[in-house]
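Some structures to go through are shown next.
The two complexes that follow have subunit A in common; it is paired with subunit B in the first and with subunit C in the second.
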Partner chain A sequence: MSATSMMMPEYLILATLLIAMLGIMVSRAHSTLPSWLGLLGSLGALWATVDIWTHHLKPEVLFNQSVSIDTYSLFVNVLVLIAAGSTILLGWQAERHHDEFPVLVLLSALGMMLLGMSANLVTLFLGIEILSLPLYILAASHRNSLGGEAGLKYLLLGAFSSGILLFGLALIYGASGSMNFTDFASAVSSHSPILGAGLVLALVGLLFKLAIVPFHMWVPDVYEGSPDSVTSFMAFGTKVGAAVILLRFLAYGFYLSPDSWGPILGYLALLTMIVGNLVALTQNDLKRLFGYSGIGHAGFLLVGVAVHSVVGARAMLFYLLPYGLAVIGAFAIITMISNGDNNVTIDDLRSLAYKKPWAAALFIVFMLSFAGIPLTGGFIGKFYLLQAALFAHQPGLAVGLVVGTFLGLGAYLRPLQAMFRRDGQDQALAGWNVNWAQIVVLVVAVVGTIGIGVYPTPVVHWVNQSANFFWLH
Partner chain B sequence: MVLVWLLAIPLVGSILALASGDRGAKFVAVGLSLVEIVAFIVLLAHGPVTLNAPWIPDWGVRFHLGADGLSMFLIGLTTVMTTMALFASSPAYPKSYFFWILFLEFGMVGVFESLDLMLFYVFWEVILIPIFFLLTGYTGSHGRATAMKWLIMNLVGSLFMLIGIIAVAVLHAQPFGTLTFEINQLTHVPMSAAVAPWIFASFFLAFAIKAPLWPFHGWMPDSYSEAPAPVTALLSGVMSKAGIYGFLRIMLPIFMPQMRHYQTGLLILAAIGLVYGAFMALRQKDMKMAAAYASLSHMGMMALGVFSLTEAGILGATFLMVAHGLIIGGLFVVLGFTEERTKTRDIAAMGGLNDDAPRLAVYFLFFALAALGLPGLPGFTGEYLIIQGLVAHDMVFAVIAGVVLVVAAWYMIRLFQGVMQSVRQGPKIFDLSAAQVGYIGTLALLVVLLGVWPAGITSHAAPTLYHAVHLLATKGGAAS
Partner chain C sequence: MIYVNWVVALAAIIFTVGTIGVMFRRNPLIMFMASEMMWNAAALAFIAYARQLHDMNGQVMAFVIMATAAAEVGIGLAIIVSVYHKRHRLDIDEISRLKG
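Moving on, here comes the complex of A and B:
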């Protein structure tokens, strides 16, 4: 296979980006043309990914070992494209006045896809930056005063963490003499202190992107201040990008010394699961709630990395899908309720079950999936992570997972109970706008969430194939 | 295939109830629950049956359903009590209420049918959700807090059981290499002394909270008193049996050495619950609370039967589960009738109701007598077998159980006297309507049938339990 056809999804996204920019120049302002182009580009890239998966399933390392196209990167492509497509759909109405919205989303998605296939330090850093820069702009694009704060906060902290990451990568390069993850082995086995320092700094940079406690401070404010659709993209896409590169970076480069990073990540995962879900309990703003609970979910993901086993890798990869589907579904409901300027709070959901029963029913499904209740995808994901923790003889992580789940459930139940309160029945909803784009997202999310919960077999099978790289260092 | 139908009918019914109008929902739900009873009769005619299909092959999780002597009658209990609860529900409830009731039936049938631990856990948690919403959406002023308490206590148990389930499967997989969650394959899992108590505790906690056994009953008084009467009938009549069923179906085969080891402690726990429930029932002013604590006491009785680890005791517990389900469910329905008419639950504010409502009084008396274990009614048969098992194991607990039977007569008679006899105060009330007599009378007939023909259940259940008791001899027998 040639490089062109293996990279087809990425090239398609790149081409879509350029065409959409031209489209913005020629079409009148606020038209839906760029959004349509972005959506078609995402679907085309998704189709190309599936085509490579089904017909040319042979891993290839391209461009002087800087990218590795394998089942892992293809699975990441699917996740990222679902995130990007749903973000464009969710922003169909609300973000119309930003013509560049779909372009920036696709550019960020391209960075995430690059992270999925990255096999050396250059593409790692490029991926992180391509992911982040469009998000800085998107975060600041909200009309209200919080938007500017969110964008600036994200930019400053993000740039700071990128600097730390870059410094770490430079030290790793200095110690190992190579950019490729797979060439670190000799330096790792000689216990180079410079390499150790580099690893620590690089981990800090990556954990910042994944929003692991104590590097999570930026999340709630940025989520709160960003437009709803952008927040859903950050909650889903950014986590995918950061988690998959963390896994490949450690599994390819540092598989010889799991004892030097596994326990630290394990403790951080414990801390993150507890703190994230605990603080989520006290939130009233739904976006802040999802921000903190997203931190908790990042802790769950980190369990899969910390156990350093093939089951862990599979479990982490699996967990991203039901989590992401629940995120886009929940945010679809939020964009329906939101009146544009103010954020949706738990109070706004009062009596929703009597006013809009179907929206309430779907919201229940997504909340239960977040909480990990059976017959939703979230439960299967938690089940897989628990398997990973127990196979690795880490009962502490298993208990942490369960306690985190438990705290998280409390946080998700508060909006649900508000929906069943009867005292808000006579108040009209602040804003209620539904368009076909949100319906599409909702259908995808609910079918996926319940489908994975009831019959997870195909997804489990794909994920098991995707994590096979774990054995092919 | 009938096993799948038993699951599919309530699930489809719940969706139909949601899709129908608010007025038609009760009609649809009752209709589907009657179809479910027909499906159960087909199962009964067919005899024990299993269904085993792959579900998630990569993890060795199988869609393994079965109905045998132990679970078949509990499935029957679920179908009968769900129908009773639906009949007794006010048609004024919104359709979501009927959706949740049928969804609850789906979950409970699933719990009783599952023979794969993972599948069992899925249904085990599925039943949490409908009950949470039934408690939160349709009840009195404390509904939300009650629902929260219910969910939190039950989730603490079940989430730790999830760790336990996976730990058992992982321990089984490590010497042999393949993951499996089938209960009958996990019976010989090698467990080291360091982990066995923890795994045992994780399962025990889940089942003890669900039953509930003392001291894990914190959710029970609030939930039973806050829920609408039909829901309370389902909670106490069917859902609580899932806890005892878990002991029989899962803990006896997998944890027999640990059960042996902790037997005295478990018996003491159950005995405390038995006595505590009985005396709490005696001093309640609220008639629903009195019945709730009576139910707690009965759960202690069943647990005593299971923990006696004798054939008679376990058989008695199995029988009493079905009998108690019908009786206490019927009692809560009758209490619901009474509350609906008097608008109060305070025993002191009632009295003399039998003048106005003789039919109501008859059924009240019937279920009260059945609950106190009158010979000739099924409660007696179950308690007799349990005490027989206790005598075989340890005389002390048999004596305690016997004494509590006397207290049971006391608190039930007191309840009946307080509500139905003495001097009437307050306005005149209406007696039961013909339709109400129709369904509560059918339930009473079922109870009588079970009382005079207990062998209908015990002869089926005994061969199934033989397996558990056989394990007792081979696995735990050596340890004791």
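Moving on, here comes the complex of A and C:
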């Protein structure tokens, strides 16, 4: 198989990006042409991904071992393209005044796809940066002053964490003498202090991007200040990118010494699950609530990495899909309620259940999926993570997972309770607006969430296939 | 080989200075500059190791870091200037309408 056909999804996204930029130049301002091109490009890349998956399943390592295209990277492609497509749809109306919005979303998605296939330090770094740079601009694109602040905070902490990550990568390169993840393992046995320091710094950098608890401070602020559709992209896409590169980096490079990083990640996962969900309980702004609950979900994902087993890898990959579907669904409802300038708070939800019963019903489905109630995808995801923690003989992690889930349930019940509160004056839902793009996202999200909850077999099968990367090192 | 360790030690010192700068300075421009210092310290360490290992990959990485840093500076300065336009003062403690 040639490199061109194996990397067809990425090339398609790149081509769409360039064509969409030309489209912005030739079309009049605020046209939907770039959005249409972006949507078509993501669908085309999705189709190419499925085509490679079904026809050429043999894993390939290309470009001097920089990228490894296997079922793992293809599954990541699917997740990222769902995130990118839904973001473009959610921003269809609200981001109309930013012509370059779809281009930046696709560029960031390209970085996430690169992270999924990365197998050496150069592509790891490039993927992180291609993911982050467009997101800085998107975070700063809100018209009010919060937007500039969110962008500035994201930029400063992003540059800081990339610096830490880079120095760690430099030390790993010096100690192991190679850029490729698979070559680190032979150097690990020598227990050099430089390699240890490099691993610690690189992990700190990556955990910053994944927003694990001591390094999570930027998340709520950035989520609050960014436009709604961009926040949904950060909550889904960046989590996917950071989690999958962390998994591949540790599973390829440091599989011989899991004792040196597994327990630390386990404790951090425990801390993250508890703190993220606990602080989410007290939030009034819905985007801050999802920010903190997203921190809690990052802790759940980290459980799958920390147990260092193929079961854990499967559980983490599986969890990303129902989590992401619930994120895009919940944010579709938020963009409907939002009137553009102010953020949606829990109070804005009042009497939603009486005025817009179908939207309230869908919102309940997504909240229950976040909380992990049976018959939703979130339940199956949490079940597999619990199983992975118990298989690895980590009862502490399992207990933390359950406690975090209960705390999260409390946080998600508060908006639901507000929906059923009756309201005397008719101020509620003043900014209600619906367009077809949000409906499409809602339908995909709700079908996926309930579908995975009721009949998870096909997704489990795909995830099992893609977790086979674990043995490829 | 001791030569390489000295260079890496210099890189570590530059990295530490950058870290301290980000943590303790309050002006976003200076903080941004300090984090660029951290990046360049990493590039220096890559080059030093590439020379020790007689391997081109480290030098390639240094060029990749420089190119990415240039892109990041372009975006970063634009964001900092646009925030300055709204407030006419740059102090990270005052840019705190978003409370973490």
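Things worth noting here:
Assume the second predicted complex is superposed on the first by the 467 of 473 C-alpha atoms of A that agree within 3 Å, B and C clash if a C-alpha of one lies under 4 Å from a C-alpha of the other, contacts with A are read in each partner's own complex, and residues count from 1 in each chain.
Here, contacts are C-beta pairs under 8 Å (C-beta built on N, C-alpha and C of every residue); 3 or more make two chains touch, one makes a residue touch a chain.
Bear in mind the structure is a predicted one, so any value in this text is a computation, not a measurement.
In the superposed model, more residues of subunit A are touched by C than by the other of subunit B and subunit C. By the touch criterion defined above, A:464 lies against subunit B but remains apart from subunit C after alignment on the C-alpha atoms of chain A.
Once the two complexes are overlaid on the shared chain, A:409 sits against subunit B while remaining clear of subunit C.
Overlap of the subunit B and subunit C interfaces on subunit A comprises no residues.
For subunit B in complex with subunit A, the residues that touch the partner chain are 54-59, 96, 118, 121-123, 125-126, 128-129, 133, 136-137, 144, 147-148, 151-152, 155-156, 159-160, 162-163, 166-167, 170, 179, 198. Residues of subunit A touching subunit C in their complex: 121-122, 125-126, 129, 133, 136-137, 140, 145-146, 148-153, 155-156, 159-160, 162-164, 166-167, 169-171, 173-174, 177-179, 217-218, 220-221, 224-225.
Residues of subunit C that touch subunit A in their complex: 8, 11-12, 15, 18-19, 22, 28, 31-32, 35-36, 38-39, 41-43, 45-46, 48-49, 52-53, 55, 57-58, 60-61, 64-65, 68, 71-72, 75-76, 79-80, 82-83, 86-87, 92, 95, 97-100. Contact residues on subunit A toward subunit B in their complex (touch as defined above): 353, 357, 368, 373-375, 379, 382-383, 386-387, 390-391, 395, 398-399, 402, 405-406, 409-410, 413, 417, 420-421, 455-457, 460-461, 464.
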